[in-house]
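There are two complexes below, and they share chain A, which is joined by chain B in the first and by chain C in the second.
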Partner chain A sequence: MELLKVENLDKSFLSSKHAKLVHAVNQVSFTVNSGEFVALVGESGSGKSTVAQIIAGLTPADSGAVFLRGERAAYPYFREYYKFLQMVFQMPVDSFDPRWRIGKVLETILKRFAYPGNRRMRAAELLSMVGLPLAYLDKFPAQMSGGECQRAALARALAVGPELLICDEITSALDVSVQAQVIDLLLQLKEKTKISLLFISHDLALVQGISDRVLVMKDGMIVESGSTSEVLGAPRTAYTRQLIQSLITIEDAEKESR
Partner chain B sequence: MGEKTGRTGKLDRSDKRFLFWSVAVLALLIFSLLAPHLASHDPYEINLSLVTAPPDSEYWMGNDYVGRCIFCRLLHGAARSIFAAVLVVMLSFVIGTLIGTVCGYAGGRIDIIVMRLVDAVQAFPNLIFSISVAAMLGSGLKNCIIAMVITGWTQYARLARTKVLDIKKKTYVRAARVSGMSGLEILLYTILPNSLSPLIVAASMHVGNAILSFSGLSFLGLGSPPPYPEWGTMLNDGRSTFQTAPWTILFPGAAIVLTVMIMGMFGDSLNAKLNPRKDESNEI
Partner chain C sequence: MKDAALLRISNLNTMYGNSLILKGISMSVGHGEIVGVVGESGSGKSTVIYSAMGLLGKGGRVASGEIRYKTQDLLKISAEELRRLRGEKMTLIAQNPMDSFHPIRKIGKELRLFVKAHQTVSYPKAENEMLRLMEKFGLRDGREILGKYAFELSGGMCQRTAAALAMVRKPEVLFADEPTSALDVTVQKQVVEEMLRVREEAGTSILIVSHNIGVISYMADKIYVMYAGSVVEYGSTREIIRYSAHPYTQNLIQAVPKMNQPIFRAAGTAMRAQESSGCPYVNHCPEKKKICEEQMPAFREILDGHYVRCWKSGEVL
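Presenting the complex of A and B:
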């Protein structure tokens, strides 16, 4: 089933640095099916984060449409849409209000989406789901590491029981060992639940291990798409080859250094 | 912010300083409320045999130009001088913060218009502007307060707007949106509380200033009408006699200086506590 469908998304904005119009998203269309992990890759500045923002209802598109489970979602979004879709952001610590303890964050979102049971217990359950100890209910974001905050952000996103999770560069601010833990967590989710994932990243190595399908973005356009093995195994465009090439070079360098 | 130190149960230097000055401010406020009941004489009682009499055991601070007890008048004036200042600050704070927050959040044309108005008000020296407004409205405590609020709100509006513009860009505001908060909820529960700390510091420093300008306005005869013992009015009363009887101006002056100092130190210590330079991690 088509869970998410975006059609001809288009967005430009005035760049403050160069004072010129940047065509960030150019006629982007794709779908995410139920239970599917889709990766959106590209260099920084390729417009992938803007696509995520548009789908999450954080910024309006200039034209085009987002369909959530077949229903057109117009900006600004209704609260109900966030029961269906959730998002985890790039900056882990910054994605929490510094004045709120993690427990309060989780209980508040459970309350807002009318969780019927004991909210404190559910919050504890969510924390254990992402591998954080119970004591973290009483912690402030500033008292936690980036990896811990990102786990808590996942717990917050999962609190509403979403069908689609958007992960916008969620590992790029973490160091490598912590990255692996967060990716493991996502893979566990894939096994245990029917959740779909839109995984936005510039890191092909991560994408390789997690996604079913890959979309490659360049200068606001999707230049290549297909199953992960297809795209990474037999890239059709020079740009994708270039991306893979840079990945291989890094791997070789790592091997050599060992 | 305070939570970390609260957890370990230890007070560092800025905590101690803050504690000391908040107790001082509290004592001052309580004292000013109780003061009229502590007076030993009627502050309005004219006694021509005691005109500009020096301090003695009965009249601790001497007598003024019509023989009224300066000590009793100071006590009676305390509540009004201090609470008028506090009222000015509270009104300015609420009005300014509200306007500034809306400007920062909404942006666009409203923002531009209101901020140019703020510029216009701030272009005048505060006291001069207050004097002209109070002179226009006529003397009296109420008009004095209105005049000071008209100049006072601008600093809060500007501060609040800047802070809101900064907070608005934070990831946690977007996260709040995804967590299902409406625009108004985000403004009230996320943006506003995170913008408050510099405003509170500004307010605590403003109290001392307000007492000073308030005394200034009273001194110029724009405060409460004469028989009422306002500190600034008392300074004015003492003007003609201070060469022969310096206590007529010394004690009201000292009361103003002391109060302004306590309020200022309180604001300073609050600032040190809320914005510790060594620990930026709290601000993220």
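Presenting the complex of A and C:
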């Protein structure tokens, strides 16, 4: 089932630093099916985060359309849309109110979306789902490490049971060992639920490990797309090849065996 | 015995406020050697660099230990002497590039001041080299950037400019604190290649700290693995990457996503390092024994130059 469809998204904005018009998103179209993990890759400035923000209803597109489960979602979004889609951000600590304890964050969301059961219990359930001890209900964001905070952010996003999760570079601020834990959470979700994921990342090796399909963005445009093995195994554009070649991995070191 | 190392850190204990961040760190960097330090955030790896540079900042101090650069102990020399070494003999690529620049001084002025302070190279020559490096890093309008302030640049541009400025000086020791983490992969590779080139051309020794194990394994001759303020394993890059013996190192290397391999998933809950007399990794260790909780193991050499600090290592060999 086609869960998300974006059609000819287009957005430009005036860059304050260089005082020129940046065509951040240029005629971007793609779909995400139910249960599918789709990765959006590209370098910084390629427009991938802007695409995510448009889909999440955080910023309007200049033209084009977003369809959520076949229904056109116009900016500004209704609150009900967030029952359907949730977003997790790059900087885990920054995405929380510093004065709110995690328990309050979770309970407030549950209340806002009219969760019928006991909200405190559901909040505890969510924490254990993302591998955080119960005591974290009473913690402030500043008392948590980056990895713990990102787990809490995932708990918050999952609180209302969304069908689509947008993850914008959610592991790039984390250490590899912590990243592996967050990735495990995502893959568990994939195995146990029908959640779809739009996973934005610049780490191709990571993308290779978790996504079904890959979209490559450059200068606001999608330059290549296809199944993960197609795009990363046999890239058709020079840009994708360049991205793959630039990746410095452990295998390179072994090949050279300095 | 003559010390072959250019920089030797011995039993370094560094504190921030009342907490001990570095717990008896010893490391050495040889002439023209590239030494990588890996570990998770909070393990203290950057603190090693800032202790050596005398840049610990507010609340930070070296409690004991020695940092020997050639014949001088960097912890004992005067601030003036240290300042002279910094910038000419030792340079730094900082993690936050904005910190590398004076906020109200143009980039070109920084370069001019460096030339004036050290008088080892003429300005036109330094500028040419600077522009060459900047172009290598994808900054084609280098001359324009020299006329700007740091805050006018984007994070990535600033990082690349800072890297160029640190390398234009052809220092004897280059400290690099996460030099590539703010950069795109394509630029990352350029910065890495240039660091290797500076070593090749000027014989610069490099101490690079990063959580990007790919970058470290590609560049370094020797790797130190840090966990919770201690070095837990060190040895040649090949040894550490292929034959790591400490469970933490093994976990770390497994966790690096690799092309054409299924991704590694670390199940389990979030846990922190153990604060006790035992091994700091004991909470996470899949092979822990009773003694691990009670006592910190000593370093054991398991192969020529490959040392590990783990109770387990005695048995496997």
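Methods note: the second predicted complex is superposed on the first by the 249 of 258 C-alpha atoms of A that agree within 3 Å, B and C clash if a C-alpha of one lies under 4 Å from a C-alpha of the other, contacts with A are read in each partner's own complex, and residues count from 1 in each chain.
As a convention for this text, a contact is a pair of C-beta atoms (placed from the backbone, for glycine too) under 8 Å apart; a residue touches a chain by one contact, two chains touch by 3 or more.
Remember, it's a predicted structure, so these values are computed and weren't measured experimentally.
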Side-by-side fit of chain B and chain C on chain A, or clash: fit
Partner chain(s) touched by A:R112 [first = chain B, second = chain C, both, neither]: first
Partner chain(s) touched by A:A153 [first = chain B, second = chain C, both, neither]: first
After the two structures are overlaid on chain A, angle v-u-w for chain B, chain A, chain C in degrees (C-alpha centres, nearest 10): 80
First, second, both or neither for A:Q86, with chain B first and chain C second: first
Partner chain in contact with A:S246 - chain B first, chain C second, else both or neither: second
Contacts of A:L3 with chain B and chain C, given as first, second, both or neither: neither
Touching partner for A:L58 - first (chain B), second (chain C), both, neither: first
Chain A residues touched by each partner, larger count belonging to chain B or chain C: C
Which superposed partner A:P98 touches (first chain B, second chain C, both, neither): first
CA minimum distance (chain B, chain C), superposed complexes, angstrom: 8
Residues of chain A contacting chain B in one complex and chain C in the other: none
Interfacial residue positions of chain A with respect to chain C in the complex: 17, 43-44, 131-133, 145-148, 151, 175-181, 183-184, 187, 202-206, 208-210, 232-233, 242-244, 246-254, 256-258
Residues of chain B touching chain A in the complex: 3-4, 170-172, 174-182, 190, 193-194, 281-284
Chain C - residues contacting chain A, complex: 40-42, 152, 154, 156, 184-186, 188-189, 192, 211-215, 217-218, 221, 237-238, 241-242, 251-270, 272
Footprint of chain B on chain A - complex, ascending: 56-58, 79, 82-83, 86-87, 89-91, 93-99, 108-109, 112-113, 140, 142-143, 153, 156-157, 160
